[in-house]
Amino acid sequence: MEELLKVNDVSMIFGGLRAVSNFTMEINKGELVGLIGPNGAGKTTAFNMLTGVYEPSEGEITFEGKRVNGKKPYQVTAMGMARTFQNIRLFSELSVIDNVKIAYNMHIQYSLAEAVCRFGRYFNEEEAVTKKAIELLKIFKLDRYKDEMAKNLPYGEQRRLEIARALATEPKLLLLDEPAAGMNPQETHELMEMIRWIRKEFDLSVLLIEHDMSLVMGVCERIYVLEYGFCIANGLPEEIKHNKRVIEAYLGEEVS
Amino acid sequence: MDMGSFAQQFAQQLINGISLGSIYALIALGYTMIYGIIKLINFAHGDIYMLGAYMGFVATTMLGLSFVPALIFAMVAAGIAGIIIERVAYRPMRNAPRIAILITAIGVSFFLEYGMILIATPQPRTFPAIFEASVFNFYGLIVNSQQILILVISLVLMAGLTYIVNHTKVGKAMRAVSFDADAARLMGIDIDKIISMTFALGSSLAAAAGVLVGVYYNSIDPLMGMMPGLKAFIAAVLGGIGIIPGAMLGGVIMGIVEAMVSGFFSSTFRDAASFVILILILLYRPSGILGKNIKEKV
Amino acid sequence: MNSIKKHDLATLGACAVLFAIVQTLLFVDFIGPFWELNIILILINVILSVSLNLINGYTGQFSIGHAGFLAVGAYTGAIVTVKLGLPFELALVVGTLCSALLGFLIGLPTLRLNGDYLAIATLGLGEIIRICILNIEYVGGASGLMGIPRFTTFAWAFWITVFIIFVIKNFKNSAPGRCCLAIRENEIAAETMGIDTTKYKVMAFTIGAGFAGTAGVLFAHYFYIAHPASFTFMRSFDILTMVVLGGLGSMTGAITGAVLLTAISAVLAEYPEWRMVIYSLTLIILMINRPQGLFGSKELSLKMFRLGGSNSGRATESK
């Protein structure tokens, strides 16, 4: 299997606090990997290191062989990693279609002069971007909301928009930060289907953070488990389900 | 300039600077306390300082009070003014966008300035000589007894404030609200009262500074609060906005730097020096000397 | 011809009509010098307001030192005509470019600050610029630069204003403009979506500063003199108020705010002592009761005058 992302012995230290310690992970092309752990385990910190929001204090992250450490988030996105956020970070006052068009920004070639004077490539590229955006919205059944302000969408729709927007950056690896948060079992089930379908349709790999075990067990091919910043287990879902250490971490020592 | 007179000039400016710095510190404390508690840059604070000076003027000329009673009068009057301003202009804006509150604060500032011009005319007023200045001469260094007064009063007030903030229930509540207003509310703290209290304290300190300046420089005018207000604000940022010892430290540093620039270079660039400090601090250490760098949680 | 182009032409046509009317009235002296002065002042303030709106409203950056750029434009433009004896057109270009350059140099280091810190930094920088000008003898120091020929006419002011409005409007409706809006909405998300936020913040700042400089050249060449006292923080605050009053993020709002506040100032000019008191009271009351300003971040969206384009949100209030 072709290796896509390699996280090598990475740590994140904030002053006296080790949020993540000696974390090692690989993701191969086309894989669906999960990152789980109790609250405060360091999962979102790990995401933030992968996407350039934080620079790892120790260790190295490489994507397609290229070093990620120290890159700014927009550079990481250009490399091919996109993410969604735990607390939805949509551009609330902008329209749904604009949220997506903005994510297509990397593909726009026209210059500032062409934009302001409206000649040359401006009209063609604007049209192209709008078309692509509408198509993407159609796939996610959001096209009827296209001119609506993002903040007016129902919660489930907002979550879908987050994902659609991330996909507009045409990533090779999609990082989903608690995509099922606030969803009922029916919606979670649909989300599972969607994630599998996205992987196939867009030919990408997925890494997701999640608390909902049915989603994780149902969709992930491999799972990493964090606790207090350390990776305490990794492997197939069946192995993780029965791993004593993992059960202890989630439910406390007495239960196991 | 030979070494001897350089050292003398340096020491002289140091003395002047500490005096000036104490004034800035007193004003800066109000800025920092108010920012700490409601995250507002109270642009009108410099005008409270001006108001205090005028209250002192009223107390000494029309009420015939001597120095200490006039000082107390001015501090109380300004404290009340601060409470009123907070209640009328800032409290309704608790949930408004930041820039709107900032504009309101600037509006209050202009209102105070031009209101005072309307009431008291733009002409500077002379503060009566209620504290006779005697000049001491230590080896060629000139120390004015009024400078000593400024230093002493400032220290007393700052000590008083530190005591209130660190050793009283009210102070503890103030600190709690500045950390996390919602949590404080849940603990049963009356947020509104604490915020009013903060404004009252900050305003009274600024007023004390105003009276001291009136005594020392003898002249007060409605626009006297603009520059010192701005500089005191920079002092608060320099020390670490929201941090009380920071305001004191920042104030003194600003005063000393200003005195040095004035004494060794030119007084026209005096004001620019303050702004340059501001820019440097913001570029290299925005959280201030005593501040901590807090990363935004993503 | 596609609909965007049609709308643009219609708007331009309407502007031409407006211009013709006012110009004729000026020509036949129906509009006297007092009102001409105020009309030109309104136009200059509109430029300042929409250029600040680009920075504060569209990109969400807290800049309150705009008078500094106004000053740089005024002085550099005046140097070109008065000291170098070169034509007005060149002064306009030079003034704009100098302010833009300054905006760029200032923006690069300071735009990584956020919120209140950026505000204070820009305030400080505006003051530093003014103090520096105060101390430069070549441009008159504390007495100001005098003897600036009156090259600014209604025609110049009007068409430059229209041009700037069009440029900013087109900017907003293009990819770089959308990036700026994204930065305003959620800077972290914008970075994550592949936007180099520093680049766009500096871009908006530079353009905004440049146009403030243009306004400065127009200003100096109407009022015969460039004086440091015209470029204090008070001026920056005036401009900021116009933008916020009209609604941060709304071009229509910025224009309306500029027109309204200049008009109010003109009316109150008769009562100087009361002017500032009334002005500040009005401001406070307005902010308490409608902090989002007159238009919020929406644009007036009449079929003919589509200033906003697709990404301005509906003009109706959505809950």
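Note that the chains are named A, B and C in the order they appear, and that numbering of residues resets to 1 at the start of each chain.
We adopt the following convention: a residue touches a chain if its C-beta (ideal position, glycine included) is under 8 Å from a C-beta of that chain, and two chains touch if they have at least 3 such contacts.
It should be emphasised that the depicted structure is a prediction, and the values quoted were computed from it without experimental measurement.
Ranking every chain by how far its Cα centroid lies from the centroid of chain B, the top place goes to A. With centres taken as mean C-alpha coordinates, the chain found closest to the middle of all protein C-alpha atoms is C. Inter-chain spacing, taken between the CA centroids of chain A and chain C, is 40 Å.
Inter-chain spacing, taken between the CA centroids of chain A and chain B, is 48 Å. Computed from the mean C-alpha positions, the centre of chain B lies at a distance of 33 Å from the centre of chain C.
Residues of chain C found to touch two or more other chains are 188. Of all residues in chain A, those that touch two or more other chains are 53, 85. Of all residues in chain B, those touching 2 or more other chains are 298, listed in ascending order.
Of all residues in chain B, those touching chain C in their complex are 39, 41, 89, 92-93, 96-104, 106-111, 113-115, 117-118, 230, 233-234, 237, 268-269, 271-272, 275-276, 278-279, 282-283, 286, 296, 298. By the touch criterion given at the top, residues 2, 4-5, 8, 167, 170-171, 174-179, 181-182, 185-186, 188-197, 203, 249, 297, 310-311, 313-314, 318-319 of chain C touch chain A in their complex. Contact residues on chain C toward chain B in their complex (touch as defined above): 56, 62, 109-110, 113, 115-117, 119-121, 123-125, 127-128, 131-132, 134-135, 188, 237, 240-241, 244, 248, 273-274, 276-277, 279-281, 283-284, 287-288, 291-292. For chain A in complex with chain C, the touching residues are 51, 53, 72-74, 77-78, 82-83, 85, 89-95, 97-98, 101-103, 105-106, 108, 110, 112, 115-118, 122-123, 125-126, 129, 147-149, 152, 165-166, 168-169.
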